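Labels run A, B, C and D following the written order; every chain starts at residue 1.
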Amino acid sequence: MSERTAPAAGEPGALYGYLVEFDKVDELLVGARAVRDAGYTRWDAHTPFVIHGLDAAMGVKKTVLPYLVFGAGLTGTVGGIALQWWTNAVDYPYLISGKPLFSLPANIPVAFETTILFAALTALVAMLALNGLPRLYHPLFTNRAFKRATDDRFFISIEAADPLFDRSATRELLESLSGRTVEVIEEA
Amino acid sequence: MMSPATATELGIADGELVELEAGGRSVELPVCLLPGQARHSLAVALGYGRTAAGQVGNGVGVDVYPLRTLAAPHILRGVSVRGTGRSHALATTQDHFAIDTIGFAERNARAGTLVREATLDAYLADPHVIHAHDHHPPLISLWKDHEYEGEQWGMAVDLNTCIGCNACVVACQAENNIPVVGREQVLAQREMHWIRVDRYFRTDPGLTMGEVEDAAVVFQPMACVHCENAPCEQVCPVAATQHTRDGLNAMVYNRCVGTRYCSNNCPFKVRRFNFFNYHKELAETTMMQFNPEVTVRARGVMEKCTFCVQRIEAKRIAARNERRPLRDGEIVPACAQTCPTRAITFGDLNDEGSAVSRSREEPRSYATLAELNIRPRTHYLARLSNPADGGAPAHAEGHADDGAHGKESA
Amino acid sequence: MQGKALDITTETRHLDGVLRPALTICGVLAVLGLAGSLLLAGAGEGGRSHLLETYLVSFAFFLSLSLGALFFVLLQHLTRAGWSVVARRIAEVLAANVWLLALLAVPVVLGMGHLYHWTDAAAAAHDPLLAGKTGFLNSGFFLARLAAYFAIWGLLASFLHRSSVAQDASGDPALTLRMERLSAPGMILFALSLNFAAFDLLMSLDAHWFSTIFGVYYFAASVVGFLAVMPKILYVLQWRGILRNAVTVEHYHDFGKLLFAFIVFWAYIAFSQYMLIWYGNIPEETQWFLKRQTGDWAVVSLILLFGHFVLPFLLLVSRMIKRRPLLLAATGAYVAVMCWIDIYWLVVPEFSPGVARFGLLDVLCFLGLGGVYSAGVLLRLGRHSVIAEKDPRLDESLAFENA
Amino acid sequence: MSTSTAADLSYLDNTGTDPAVRARLVVGDNDFHSITEKVCGIVEQPRTPPAWWVLFAISSSLTLVLFAMIGYLVTTGIGVWGLQVPVSWGYAIVNFVFWVGIGHAGTLISAILFLLRQRWRTSINRFAEGMTIFAVVCAGIFPGIHIGRVWLAYWLFPIPNQMLMWPNFRSPLLWDVFAVGTYATVSLLFWYMGMIPDLASLRDRAKTRIRYYAYGLLSLGWRSSNRHWHRFEFAYLLLASLATPLVLSVHSVVSFDFAVSIMPGWHTTIFPPYFVAGAIFSGFAMVVTLIIPTRKIFGLEEIITARHLENMAKIMLATGMMVGLAYSTEFFIAWYSGNRYEAFTFLNRAFGPYAWAYWTMVTCNVVVPQIFWSRRLRNNPAVLWVASILINVGMWFERFVIVVSSLSRDYLPTSWGYYRPTIIDVLTFVGSFGLFFTLFLLFVRFLPIIGMAEVKGVMPQAHLDRPGHRGHGDYHGDIAASEVV
């Protein structure tokens, strides 16, 4: 692939980035630290399961998810109480068993459930949204070896879009790690 | 009908088919154990087992005329009884299940607080004697109670005058288009009466069922008591039963989805459920007999006493048209109207002068299960008796007992 | 084999130098508190009754700490927990301090006549409800039960404490197995005894009232109480240089999480009890809450709702607080005060309807009892290492990290 | 930890008690790849085993029975059941509570055990979560069909309608709608979310286009990115923290159905925690009932190990004791309360016409679990399996006792009755098992029944980098001996 015919970024055939495969967790962690220390930002590790310590090794920032979920939960509580107050005490009040129109103790269970419902839905939806999922196609899927990322292999990928990305320097960095051959991933 | 003691002697069980033989003729009848029936005597009902009584009457029960002779038209002597070992299910609206020992004892123990009685002497000595056994904390809710304004309907049932004739039951049935469900449904305990006459027997304490020789009967007409804090209302998810402004515990049939939760939470079990479409197979002419003022209930909805709300509204409209307030005693529910002894009083509880309000003032007035803080709008006036020997009914621990007060007596 | 694990022998593991000044403080508190409250009680009108009532409150509070600790120790053994080993000895000591509480129960027993109205046989005979309960609620049986409870708790706690101490010397893993094995039936005995102790000590203050969940409520209060004081104890120890490296922020974090969970559990139980009774609206049950929402007690109820649930919930939901030992210890101390108010709310409305006459007497009595209790804990803690030195899972606990 | 010869099966036994050694959660010579092979292999078998077809035929026929019964019920009326006036809730509600109870184990194992760092959960959580969903499906049917006018069930939702009416939020049945609805939703989310990485594994191994696209679609393009894992883990943690109180709340709300009433035997403040304990109890019993044959058939003994079964037996013992404590507390307080109605209800339970149900319940729920005190018995899968079935029976009877015996004799003796189920009741109940097993069989055939990604995460190989980290969870042990990558 020569420079002259290289398609613009994002188009088919353009360089997406490099991918390197590791056999073991500790190799991956060492590699991740190296890439992190080199200052890359648009890169990722791919592992078949959660590896504790990898977040630190990669320097992944804490997600905002908990705040979103907390906010959604609060909305659920307020919404749940408001719904019950408005329907039973304002919009259509009726006398029930001599109880007050707005019977707060009896409204707690529903308010609790709406809290959980809102928060849980937000947890999943926000997680997917922040992750940019669903995204059924991705350049990495074109690589055969990458299929084992969901089985027993560990990968590091660096995107060409990274400001520090340099075809040779990045390749050298990756080759210095104890992984296998560095593979070139193209957009398709 | 046979007393339990006699049955024990003869080794006969409740509902067992027995062969009665007198003068060489015999009939086969199911036994219904009834405390209070004199020992070694039996009672059988005439008029059943007809063959030309039409759809309703044919083949119901057993014809006992073969036993009857000119010589002994009413009382037969020397009848022999032989158990057959087979049994027949007697459909009754109470005692759907043979009572075991603990249930029997418990019923006896409860009757005294549910249906209150006192002797005249005791009452004169202390008019509050019928409240002597109320032990409950003040009836205060954890929230601020509603103020009830305007007419507030209530009822009083005088147990002193009630003779337990069941006329109210029939009147209610006719007035409110209550379906007749038939033997099978009654056997399945699905009778539809909105008002019923609860019957307890008073026996000597400590007896088991088989030892009961003699028993007196106490009874209490029971319909929806329209509790102020009705336990049924709060549990309905669709608000199909709620309180009206004039204090009725109203049942909104077309809102009801039939969870039956209200019935479960009703301590009086006065709510009735349409398990099937009971009006499905009625003849056109039968349908025309329905009271047009009252909804015919669909399958799958709950129904119960409304205090004859159609009558209340009719009188209210009439009064409004005549631009006058409602008069006390003007509104008469079907049960009250029919009661031959005028045991039922209906009226406005917010009107201090109304008959029903005045009856509340009586020391005899009490509400069944008042200790649950449900505030029933139907109160009862305790029964006073004046036995010749001055002894008899102790109001205290009521003694009741089992038997059958059947709709169908074979 | 644990490369990064701490060598426990490099830690300060004994109270030694700290013990004497700490004991002095406790002693001063105890003397001042108890003498002061006796003095106050003698002076004021109805003071003696008030003292008895507030004594019962503080007694039940400190008892709840020991019971919570006992539960914690039993649970750690049952689940073969690893993370908590560094802190288990302290819990063992708190639990074993239940012996001291057995002694402290004497005033409650002496004051029975005032505290438990069913002890008045004549009145009970007059009251059909109480008459029906005399088979259970009578002084003799009550005392026998009380003795049984303390025997169960004390023996369980002593066994666990002593076995653990024995392991310090021998390092025998079989001791761990023995403790695990005993913890299963121990937990059952504990559950039964706590359940009935709650009925006896607190629920029978109003012998007309009953609630099947009451035992669970006191259980929840106990565990919250214990978890609330635990970070504070750890913090103070570390502040005095003890277990400086053994106990890490990870352990605080876990105690924080547990405290959070049990505060929610407490709220769940409290809500269930209240809501069901509110909803059923049967006077024989509502009367109890009615007392607690009349007059001053309505305010105390609200304080509990917000102070014992809403505020701690909001504080502890944050990871930040759970991972700052000082903040967590402060939050715990605050929650412990709320726990005391909770028990105050259980006891005192029975004697003082409508008026929450909280005053110096309550404070002094609490401090006095607290001094005695803490001295008991210190003495026991000072006798051995403050950490289960040779527990087979100690390394695991030292290296523990919240995932 | 022994990794002995193949002929010797003792290596499967990881139930040792040495306190210094954590039991391995996966035994045998397994590495990451072999886990993938084993779990995906179940789904990837080219030919469906005949046994599966036989079971499927039976369970789907029973499902048809269920639908037929529902059809008959809807066209004819609630009267086809044995209900009557004092007992106007019967089998349907008993079944509802029974299934909801079973539906608690999944989320419990997943969420609570996750929060408690009980790493052994990873082998069974997917399975249990699946079971939860199916049980909740079965449970959801009953409140729907038990109402008198089934076609109006939507009135229980707060939907603006032409009657300008709103539902009554004071009713526990409405709480049920929200609680069970939320629970079903959250359980489904939890189950599905946990499955995404495993579905991606299936996608990456797919041999046919259909499988590739089907699993590809379901796995949402998961590419194992650690930045994704980070949020995924956090979302999982949050969901677990939300699901934990949710589990408690759902069965508490179910218990409120009874406890808010004023019926003796129903109105009891201990119901919420007691129901929750019972739900966990029955849920674990059902997991054990299903998992023992499943692990045998698919040869999963190395992943769902003896230790897992033992742990579940212990939890059943513990929750069984809790339930027993609640029974006795209720009994005691019934007497202590001095309330005549309350006291009689309990006397009646134990010695009245439904005594047979009561003693069945006590035997199965309190007596049977006592055998788990014996290490030998609880480690015998056959014994455990039989016991778990008995516990299921007992828990069904517990609900029966609560619902039916309390209602059959309440305040006014004149309204007492005796409830008998009809054949329709029984067939509906049996049919619900058909539905449950149908769904379960489909799950086993098409989805990964073990959370591979999570199991891999607790294998010793996953933590080589961090010796200190071995501390938590129920694994660790001597890494050196188990280093088999």
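Going forward, contacts are C-beta pairs under 8 Å (C-beta built on N, C-alpha and C of every residue); 3 or more make two chains touch, one makes a residue touch a chain.
Bear in mind the structure is a predicted one, so any value in this text is a computation, not a measurement.
Peer 1: In terms of CA centroid distance, which chain is the most far removed from chain D?
Peer 2: B
Peer 1: Can you check which chain pair, A-C or A-D, has more C-beta pairs in contact?
Peer 2: Counting C-beta pairs in contact, A-D comes out ahead.
Peer 1: Centroid of chain B to centroid of chain D, CA atoms only: how many Å?
Peer 2: The computed centroid separation for chain B versus chain D comes out at 45 Å.
Peer 1: Suppose each chain is reduced to the average of its Cα coordinates; what separation in Å results between chain A and chain D?
Peer 2: About 30 Å separates the centre of chain A from that of chain D.
Peer 1: In whole angstrom, how far does the Cα centroid of chain C sit from the Cα centroid of chain D?
Peer 2: Roughly 34 Å separates the two chain centres.
Peer 1: Residues of chain B that contact two or more other chains, please.
Peer 2: In chain B, 141, 143, 229, 231, 234, 239, 242, 372, 374 touch at least two other chains.
Peer 1: Which residue numbers or ranges of chain C touch two or more of the other chains?
Peer 2: In chain C, residues 128-129, 208, 275, 277-279, 281-282, 284, 403 touch at least two other chains, as defined above.
Peer 1: Where in chain A do residues touch two or more other chains at once?
Peer 2: 52, 94, 96-97, 99, 103, 106, in rising order.
Peer 1: Spell out the residues on chain B that touch chain C in their complex, using ranges where they run on.
Peer 2: Going through chain B, the ones touching chain C are 135-143, 229, 234, 371-374.
Peer 1: Report the residues of chain D in contact with chain C in the complex, numbered from low to high.
Peer 2: So the residues of chain D in touch with chain C come to 17-20, 22, 115-117, 245, 248, 252, 256, 259-262, 267-273, 317-318, 321-322, 325-326, 329-330, 333, 336-339, 373, 467-472, 474, 476, 478.
Peer 1: Give every residue of chain C touching chain D within the complex, in rising order.
Peer 2: 1-5, 78-80, 82-83, 128-129, 132-133, 136, 173, 176-177, 180, 184, 187-188, 191-192, 195, 199, 208, 210-216, 257, 264, 268-269, 272-273, 275-277, 279-282, 284, 392-393, 395-397, 399-401, 403
Peer 1: Can you check the complex and tell me which residues of chain D touch chain A?
Peer 2: 31-33, 36, 158, 164-170, 172, 174-175, 178-179, 181-182, 185-186, 189-190, 193, 197, 200-201, 203-205, 216-217, 220-235, 238-239, 242-243, 245-246, 249, 252-253, 256, 452-454, 456-457, 461-466, 469, 485
Peer 1: Give the list of chain A residues in touch with chain C in this complex.
Peer 2: Contacts found on chain A: 52, 70, 97, 105-106, 108.
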